[in-house]
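Chain naming follows the written order as A, B, C, D, E and F, and within any one chain the residues start at number 1.
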Amino acid sequence: MPDKDLYAIGWEKLKEIDGAAGERVIEALKDIAPDLARYTIEFPFGEIYSRPGLDLKSREIATVAALTALGNAVAQLKVHIHGALNVGCSRQEIVEIMIQMAVYAGFPSALNGIFAAKEVFAERDVNELD
Amino acid sequence: MPDKDLYAIGWEKLKEIDGAAGERVIEALKDIAPDLARYTIEFPFGEIYSRPGLDLKSREIATVAALTALGNAVAQLKVHIHGALNVGCSRQEIVEIMIQMAVYAGFPSALNGIFAAKEVFAERDVNELD
Amino acid sequence: MPDKDLYAIGWEKLKEIDGAAGERVIEALKDIAPDLARYTIEFPFGEIYSRPGLDLKSREIATVAALTALGNAVAQLKVHIHGALNVGCSRQEIVEIMIQMAVYAGFPSALNGIFAAKEVFAERDVNELD
Amino acid sequence: MPDKDLYAIGWEKLKEIDGAAGERVIEALKDIAPDLARYTIEFPFGEIYSRPGLDLKSREIATVAALTALGNAVAQLKVHIHGALNVGCSRQEIVEIMIQMAVYAGFPSALNGIFAAKEVFAERDVNELD
Amino acid sequence: MPDKDLYAIGWEKLKEIDGAAGERVIEALKDIAPDLARYTIEFPFGEIYSRPGLDLKSREIATVAALTALGNAVAQLKVHIHGALNVGCSRQEIVEIMIQMAVYAGFPSALNGIFAAKEVFAERDVNELD
Amino acid sequence: MPDKDLYAIGWEKLKEIDGAAGERVIEALKDIAPDLARYTIEFPFGEIYSRPGLDLKSREIATVAALTALGNAVAQLKVHIHGALNVGCSRQEIVEIMIQMAVYAGFPSALNGIFAAKEVFAERDVNELD
């Protein structure tokens, strides 16, 4: 019994932030764990990213920083580098976040963050995105 | 042979961001590891936080998010909640970052982030800071 | 605009599983982050623990194992040791989970898990709980 | 001077739980670290999984939950998804564990757990295993 | 059915390395998880620290570095700072390991490592140990 | 305004320790984050590895142990297995560190460390290095 409005709001927010990269994650969940797809749409996107109190660009800065520091979710980090760029971060700002993570999670996390960003930037060059 | 300018720049930046909480960390290092005190001033503050390309408020959002997600450095998290508030974050923005970390690092990390923020806000109430 | 039913279902489930320890967490959130209190009730308890497909005892085994392995959320681990005991785990089963985590997260995580269990068992002895 | 009985008990237990996937891990250790192969057989399997006090299915639930939450050992997670299925978990129960880990380790860990399960389920379909 | 020789060898090795701090850990396990006490003596100390191929001082350097980097087991880190000093590390070498961890696990881990060392050094001053 | 001497010292130290594997990391950073390349040379290598107080072999033992325990930076771990061998560790000593990490970070971390070492040893066999 999903809350239809929360789902609809979340789906729009997911497309706004993560774009095609986010839609592919949801698609990949459909056959094995459709409820996890629904929760991903409803909770992070329907609830959290839809909250006032912190702008979307700042929210994506927080997410990119956290995933870079944790260092164990490179696929999701790449989706959110796309997300950060989609909501107004510049490529240089992404690079700055990665460099800063050397201080809080060590140089290997920063390096792996940079290499993830490099791949995302190359994908976006092919697709003529900022 | 420390770089005197980098040290001076870093010391000013540390005081600007972390205030008295940051100064106490440096003081506590003096007798046991004075070079780690110097590195802390020179590298994170003299170099990283002094870089253009990402504003200080966004940098503190990244740091608070990362330390909340990692969940193993509560003392440093509290210093940087002070830091974030000192450079322009509102208390509500701090709370929003913590709530968002439930998505990326789980509810326990978010709860522990909130409880750290609660302590910092209480300290600041006593000292009549925002 | 919370979903009233989800909240009510979650609140009952939280009380069933975590008992007074869980209620205290929600209470502590009320003044600083009431929406995180609501999300905690609605998502983990209203949605996840209310799902069929895995019995509650198995769900608490999974949670206790994960929090012991992560090792950075001792307060929440203690709440869920209570929870596991409340839904049918024996004290010996809790101890077995902790010992097993030595294999997957190292002996320090196992030791810290055991010491958390020891505190919970002592609290329950005082309150004459299993 | 290995304890022959412990080794024999552990080897049988490893084959019972992890099957061919576990045997391949041991084989891969033989030339570079034969003692780590021996310890893996003797300690986790000869000692821990052979203990009474927690049934094998519950033990594999704990292991799958912990490895999903840690998020840095996908090869071992896949071996233990096989293991969980081999000792009586259903595929749906595995999926439920993964979804639940979104609460304790964040959505990226849950997603990566689900994608690991998807690969294991596909391997088992090819081999006509449950 | 413990292997008596392994237990005896491990117990001597534990006392050699960790001294009274290690014995207290074992004592604290006796009532709640005596088998974890036995495994701690037999596996890390009876097996691993008793192996040729890497000297004890190097082994303690590895352990102190790892626990500082993980950052979620401060009690065990303190036991092994004692251990490292007991088997030949100087206080300065301990401090150097902590500082170096800033590179691999971030400045907060290094700072927390240093503060743990500071407590251990103070305990040893009281007891007139190096 | 980099400190030229620190950069020059760091570059020599990086080549001494990590050799070609380290130079490739720096090269890969040049187009996207040249300042992170500079920091990597100046801080870890110009400052930390150039410090007296702990010999280079012990420093690499600490780094290999920490990266194996963290388990989320396999590329950097492989660079530092090369580094450890370049500054005097034997292959057997590397294997011993990995096995020991089973105690502090769990068997999966130890296994992944061993498999990283296996790849590095094979690369070195091709290049006729120790």
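Here, a residue touches a chain if its C-beta (ideal position, glycine included) is under 8 Å from a C-beta of that chain, and two chains touch if they have at least 3 such contacts.
Please read all numbers here as calculations on a predicted model, not as lab measurements.
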Given subunit C and subunit F, the chains that contact each of them: A, B, D, E
Equivalent interface positions on subunit B and subunit C, same or different at half: different
Most remote chain, CA-based centroid, reference being subunit B: D
Interchain centroid distance [CA atoms averaged], subunit C/subunit E, Å: 30
Distance from subunit E to subunit A - Cα centre to Cα centre, in angstrom: 40
Touching two or more other chains - residue numbers and ranges from subunit D: 35, 39, 43-44, 51, 67, 69-70, 72, 76, 95, 99, 102-109
Chain contact graph, described as a line, ring, star, complete graph or other shape: complete
Contact set on subunit C toward subunit A in their complex: 3, 6, 35, 39, 43, 47, 51
Touch list for subunit C against partner subunit E, complex: 70-72, 95, 98-99, 102, 106-112, 114-115, 117-118, 121
List of subunit A residues in touch with subunit D within their complex: 25, 28-29, 32-33, 35-36, 39-40, 44, 67, 70, 72-73, 75-76
Residues of subunit C that touch subunit F when the two form their complex: 69, 102-109
Touching residues on subunit D, where the partner in the complex is subunit C: 43-44, 48, 51, 53-54, 58-59, 61-70, 76, 92-93, 95-97, 99-105
